[in-house]
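I am attaching a structure below and will ask some questions about it afterwards.
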Amino acid sequence: MAASVLGVLFDGVAYGSLLFLISVGLSVTMGLMNFVNLAHGAFAMAGGYLCVALMQRAGMPFLATLPLVFLAIALVGAALERTLYRRLYDASHLDQVLFSIGLTFMAVAAATYVWGPNQQPVRLPGFLRGQIHPGGVDLGAYRLFLIGLVAATTLALHLLMAKTRFGARVRASVDNRAAAAGLGIPVDRIFVLTFALGTGLAGVGGAVGIDVLGLDPTFPIKYMVYFLLVVAIGGAGSIKGPALAALLLGVFDVAGKYYVPEAGAFIIYGLMLTLLAFFPRGLYGRKA
Amino acid sequence: MTTALRTEGLSKSWGGFVANSQISLSLPKGARHALIGPNGAGKSTFINLLTGVLAPSSGEVFLMGERVTHLAPHERVKRGMARTFQINTLFPGLTVLESVVLAICERSGAARIWHRTVAGRRAEIDEAWDLLARLHLDRDADRPTRSLPYGRQRLVEIALALAARPKLLLLDEPAAGIPTGESSEIFDVIAGLPDDVTILFIEHDMDLVFRFARRITVLVGGKPLTEGTPDEIAADPRVREVYLGELPHV
Amino acid sequence: ETPLKIGLVAPFSGPFADYGKQMDAGIKAYMHQHGDTVAGRKVEVIVRDTTGPSPEIAKRLAQELVVRDQVDFLAGFGLTPEALAVADIATQAKKPMIVMNAASSVVTTKSPYIARFSMALPQVVAPLASWAAKNGIRRVFTLVSDYAPGIDSEAAFKKALTEAGGEVVDSIRVPLRSPEFAPFIQRIKDSQPQAVFVFVPAGEQGIAFMKGFQERGLGAAGIKVIATGDITDDHVLDVMGDVASGMITSFHYSAAHDSPENKAFLQAYEEVAGGGGRANFMAVAAYDGMNAIYQVASKLNGKIDGDKAMEILKGMKFTSPRGPIAIDPDTRDIVQTVYIRRVENIGGHYFNVEFDHVPDVRDPGK
Amino acid sequence: MLRPFPTPAAVSPEEDVIRPAGPCERIARLPADRWTLRETAFWLMPVLGYFAFPGYLMLGSQILIAGLFALSLDLIMGYAGIVSLGHAAFFGTGAYAAGLLASHGWHEPLSGLLAGAAAAALVALPVSLLVVRGQDLGRLIVTLGIGMLFFEAANKAAAITGGVDGLSGMEIAPLFGLFDFDLFGRTAYLYSLGVLFLLFLLCRRLVHSPFGLSLRGIKENSKRMASLGAPVERRLVSVFVIAAALAGAAGALLAQTTRFVGLDSLSFQRSAELLIMLVLGGTGRLYGALIGAALFLLAQDILAGLDPVYWQFWLGLMLVAVVLYARGGVLGGAALLAGRIRGKRR
Amino acid sequence: MSELLRLDNVTAGYGDGIVLDDVSFSLKEGDSLALLGRNGVGKTTLLVTLMGFTRLHKGRLAWRGRDLGGMPTFRRAHAGLGWVPQERLMFPSLSVEEHLTSVARPGRWTLKTVYRVFPRLRERRANLGNQLSGGEQQMLAIGRALMVNPSLLLLDEPMEGLAPIIVQELVSVIRDLTTGTGMAVIVVEQHARLALALTRQAIILDRGRIVHRSDSASLAHDDRLLQRLVAVA
C-alpha cells in the first residue's frame, strides 16, 4: 500500500514535471511578457519535429539534440518576434489570442504538408527507458530524468527573473514599455531575448514531451488547454506559480486516475475550477 | 448635530507594516474636513477603508449611524458615499457626457433598465448637462475622455463623484494637476454643494486646505497626530516639523 | 451524357484529416485500376471537406451535393455523427449512401439508403473475445476510451468473453484527451490479469498505452495485450515500432493480407498516393465502395435510381483486398471475415500478420 | 458665478466651434435606437438572398445561426469585456435541450427554441458566478475549462446525449403547423432569419439602453463602476445569462434545422471559430457579429472547396492579417477608412 | 557653457493630430527652464516629444548638435535625458529598489544618494511599485530619473502630491543640481510661482505655441500676464 502511494506520488510528480516542461515557455511569454501566445504549442511542435529530424536524419543522440533544438527554436521565435509579435504588444489580449490562434492554424497546416498527418516516432536512449527499483519502489527512468530537468529549469529561470538585473528589466519593460524605454531600458532587445527564451523552452518541452504526448500536426491544438491551465492556475508573472500548479495538476490527475478511474477527465477540470474559484488570479497572481 | 461619518479604531496593515492604526474619527453632517499628513502617512489608505476598496484589519466604519464595515463598495455608494481617486480612474473610451450620464443613471437606478434607450432618459441627460456646465466641461461633452488633457480629466473625476449626489464626499487630492487659479474654482464648486453634504478631502496644497477646511486632521505614520481648526494646525509646531516645514504663507 | 457524380463527404482537415485522405486515395486507386468511365458515363468525384467532426457541415454539404450538384451517390463519412446527420438527406433525396468508415452499429439503421462497406465495431470485437477464451485467456482486464465506440466495444467484448466462459476482472474507461496512462497501467499491473483488452483511438493514445505497458514491464510479467486492429492500424504501425511488437489484434484488413486482390490494390494505391504512407482499412473500404458503385452503375446501365440501386447493393458479394465480403440484404451492413493477427517485423517494417480467422462475421450488435 | 474655463488646446478643428446645447443636440450623441437606411439595406440582403440563391439556403441558414451565436458573444465580449473561449457550452446546451425535446415527442419548434434558450440560461447562471470573478486571463481559462467540462459531461452521459455518435432521430413539426422543414432548406432559412431578426432587435435595444451603457462602463473600468454604486458582478451575471440564452437559442435553431446534435456543438473548436467570426466582423457593434459569421462561413466554404486539405492555413493567414492590418475587423476597418476619407476632405 | 538642446520650429502631435505648433528654443548646460501654461496646452506633449513618443511633423530636435529625430527612446535616455512622467508610470512588479537599480547608469547619483534625498524610499524599498502612496510614487519617479544620471532632467509636475516639507527639500535639491553640477532642468508646473522661483528662464505655451518667453524673475512679477496665460489667481 505504502509503495503504491509512493509510486502514485512519483508518477504524479513526474507527470506534473512534464506538464510544466511543456508549459514553462508559455509562462515566460504569457506569464512574464503578458502576451497570450496560444501558438506556444506550435513552437513546441516545431521543437519536436526538429528533434525527430535530428535523430532520424542526422543520427544524433536524443540528449544531444536538446540544446540544438533550444537554439534553433529560439531563433525562429526571435525572427517571428521581430517581424510579427512585436506589433501586438500593445494590442488587447483578445487580439493576441486571435493572432496566435491564426499562427497555430498555419503551423498545423504547414506541419501536415511537410510531415503528413501521422504520429512521429521517437526512440529514447536505452538508459532512459525502463524502470529502476530503489527500495522496492518502481521508478521510471525517463520520469526521473523529467523531474531532474524540471527542477533545474525552474530554479534557473526563477533566479534569472527574480534576482538578476536582466529579470528586473524584463519585468519593467512588460509593466510599462514607454516608461522603461524612457528610462533607458532597451525594451526591444529585452523583448526579443525573452521571447526567444520562451520559444526555445517551448521547443525543448516539445522535444522532451514526444515520448509521452506523441507528435503529430494537431499537437498545438490538442494540448493548448494544458499549457493554458498550468500558466493560468499558477498565476501570471512568476515561475514558481506554474511549477506548483503543474505539480498539483499532475499529482491530482494521476492519483485520481489510479484511485477513482471513473472520474476520468473531471478531476483535472474540477481541480482547475476549484483553484480558480479561490485564486481568481492564480496561485501566485500578479496584483491588479 | 448628527454624525455623518464615524470610524472606530480603524486599522490596516500589510504584513508587518501598519498603514492605519486605530483611527477614530467623527465628522458631523455638513463638515468640511481636511486630512493632511506626510507622504505615506496612510491618508489614501484611510479613504480606501472608508469606501470598502480595502478591507480593514480591524475597526468599524459607520455612515449616518449605520455600520457599513462589511458592505461592498457599491453598497456604500448606494448609502450616499462617493469619492474621487488620487490617480484618475475614468472611462477612457466613453465620452464625457456618456460617463456622466452613466454615473447619474447608476444613482437614479435607471442603469438597470434594458428595454429603453439612453437617449430617452431626459431627466438624467438634463442633469448631466447641468453638472457639466457647472464644472465647465460642457464643451468637452462629446470628446472621448482619453483625449482630454490631464487637468480636464481631473474635472471629469469630480463630475463622476458629484453625479452620485453624495451625502458624504471623499476627495483624494482633487486639485492635483490643475493650475492654482482653476483649482480654487473647483473648490468653489465643491464648497457650493448643499450644506448637508459632508466633505472629507485630502490635499497637499495648503492654500486650498486653509481656505476651504473648517477642521483639519493631521495623520502621521498611520495615526492621527492632532485635530483642530486651520489656525490651530498652522500654529502647531509638531505639524510644522513633520509636514508643513517653512511654508512662507501659512 | 452527363457524368456519374459521386459526392465524397469526409474530413480533410482538422484532427481527422487522415480519414479523408485515405478514402480519397482508395477511390483514386480503384479508378486508376478500372478507368474513370462506367456504363458510358464519366465518373466525377466531388470532394467536400467537413473540416472535422462537424455533422451540420456534413449535412449541409450532402444537401448541397444533392440539390445543387445533383450527385448520384453520396459516399465517404469518416465519422459516425457525420453519417448519422446525413442519413436524413439520403432518405429524403433517395440517394444511395455508401459508408466508407463510420463504424457504430446504429449507422445503417438510420436510413434505408445506407450501405456500409467498412465495418461495425462489435463485428471485430466479438471474435477476439471468443478467440481469447478458446486459447486459454480467461481473466481479462478491459481498458477502453471513454466514448461511445469504446463503451460499445467494452460491452461487446464482455458479452462475448463471458459467453465463452471467460471473465472480465476489471474495466477502466480512460478520458479521450489523456496523455497520461501510467496510473491506468499501474492498476492493470496490480490486478494481474492474463491479458488486457484495449480499445483506444489509433495514434498517440495507442502509442502512449503501449509505451507505458512496456516501460512498466507488464509484458515481462506475462500480461498479453489484445485489441481491435485500429490500435495497430497499418498507417501508424511503423511509428509505433517495436513497442507494438507481438500485439494480438482482430480486424478485417491488414496490408499484409496475402491475396492477389490485395497486391493489386496496394500497387494501385502506391501509384496514386505514393509516399503518403501505407494504405489502411479506410482506403480499402473506399476502394470497395467504389467497386460497388461501379457494379451498380453498370447493372443499371448508367441510369441511377436510388431504390433500384439499393436493391442491387443488398446481397452484393465480391472479393475485396481484405477477403470475401457481402452486404447483408436485411441490414445493408457488411458481412466479412475477421482475422486474428500478430504484429511482426518483416524486413524492417512492422505488419499485422494474420494467423487465424473467423469467416462471415455479421455485426452482433443487430 | 464662475467665469468659464479657458478653452483647451484644440487638437482638431471641430473643438473650436462652441455649440449651444439645444434640447435635440443634447441627446444627439447618446446611444439611441433610430433605424438608419443602411440598416434597412443590410437586412434586405438576406431577404434578397433567399430569392437569389435558392441552392445555398442551407449555408444561408447556418450563417444566420452562426450570426446569432456571434451576436451572443458580442454582448459579453464586445460590450461587457468578458473574453470567452467556452461559449459553445451554452450553444450546445441549447442544442441538446431542443434536440432532446424533439426526439422525445415534443415536435413543436417554437417552444423547443424557447426551451433551448431557457436551458442555456439556467446552466449559465452558476457558471457566470465563477466567470465574473476573475480577470482577463482567468476568465479565458475558466470559460475554456467549463467548455471542456460540458463536453466531457455530454460525452459521459451517452445514454441521454448519444455521446460521440450524437443525437439523431428527432422530428420537427411544421413551423406554425404550416411550413414543413424541406430538403431545400426554405423553411429553415426563413425560420432562422425571423428568429435572428427578432433577437437582434432585442440586443440592439439592450446595448443602447442604460444597462448597455453600464456594461460599457464596466468594460472600460470596473473599479470606477463599483465606486459609482454599480453592482458590477451582478450586471455581468445578468448579461452573461442573457448572452447564454441567445447562444442556447442559436444551438436550438441548429438542432432543429439539421435535426442532429453532435458533441461538436460543445467543442472548443466551435468556441474558437466563434471568436474568430466575431473578431473578423468587429466587436462591440452587433453588425460585426453578423458580417463576421457570414464572412467566416463563406470563406470556409470557398477555401475548403478550393483546397480541402490546407484551407486551415488560409484561415490562419486571414486571422493574422486581420489582427495585423485590420484591427477592429471588417467594420472597424471600414469605420477607420471612412474617418480617414472624411478627414482628408476637410 | 555648451548648447545641450535645441528645438527648431518643432511641430508634433499624436498620430495625424498636431499639438505642438512651431516651437523653438534652446538650452545650455546648467540651464533651468519653467514650462507654463494651462491644462492641455501641450506641456506634457513637449516633454514626451523630446523623449520620442510623438510624431514629429516638422522641425528639428538637436541634442548636443546631433539630430535626435530618428533616435529610439532608450538611446535618448542614454544620451542624457532624464524623464519624470506626469502619470509617474511605476512598474507594478518591481520593488522600489529594483526601480532604481534596473535603470541605473554610472554617475554621481547612486542608490545611496537617492535614498539620502528621499529617506522615505529607503524605508519602503521592498514595496512593489503599486504598493506606494501617491507621494512616494512621485519621489520614486524622480529618484528613478536621477539614477539615469541625466544631463537634462525633464520634470512633469514633479511637486504634485508631495507634502510641503518634501517640496521644500526638492526645491533645494533641484537648485543645487543646476548650480552645482551643471545639470539642466525643464520643469512643468501648475504652481507657476514655485516653478518660477526654481528656474532662470520661462516659457508659456498656449494651444501648442510659445506665447511668451522671458526670464523667470521678471515673469514672476507680472501678475497680469500670469493671470491671463496661466490662470494664476
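Order of writing sets the labels: A, B, C, D and E. Residues in every chain begin at 1.
The rule we apply is simple: a residue touches a chain if its C-beta (ideal position, glycine included) is under 8 Å from a C-beta of that chain, and two chains touch if they have at least 3 such contacts.
The chain lineup, named per UniProt: A, D = Branched-chain amino acid ABC transporter permease; B = Branched-chain amino acid ABC transporter ATP-binding protein; E = ABC transporter ATP-binding protein.
Note that the coordinates shown come from a computational prediction; the quantities given were computed from them, not determined experimentally.
Remark: among chain pairs A-E and B-D, B-D carries the greater number of C-beta contacts. Centroid analysis (C-alpha atoms only) places C farthest from chain E.
In terms of the distance between Cα centroids, chain B is separated most widely from C. Mean C-alpha position of chain A lies 47 Å from that of chain B.
The mean-CA centres of chain A and chain C are about 36 angstrom from one another, to the nearest whole unit. The distance from the centre of chain C to the centre of chain D, each centre being the mean of the chain's C-alpha atoms, comes to 39 Å.
Among the residues of chain B, those in touch with two or more other chains are 148-149, 152, 182.
Each of the following residues of chain A touches two or more other chains: 109, 112, 225, 264-265. Chain E has residues 38-41, 231 in contact with two or more other chains. Put simply, chain D touches chain B in their complex at residues 2, 4-5, 7-9, 11, 15, 18-19, 21, 26-27, 29-33, 205-206, 208-214, 216-217, 220-221, 223-232, 235.
Residues of chain D touching chain A in their complex: 77, 83, 85, 130, 133-138, 140-142, 144-146, 148-149, 152-153, 156, 268, 272, 275-276, 279, 283, 309-310, 312-313, 315-320, 322-324, 327. Across the complex, chain C is touched by residues 55-56, 58-59, 62, 152, 155-156, 158, 162-166, 168-169, 183-185, 254, 258-264, 267, 269, 300, 304-305, 308-312 of chain D. Residues 38-41, 44, 86-88, 120, 124, 131-136, 138-139, 157, 160-169, 190-192, 227, 230-233 of chain E touch chain B in their complex. Taken in their complex, chain B has these residues touching chain E: 14, 37-45, 86-87, 148-152, 172-173, 176-184, 204-206, 242-247.
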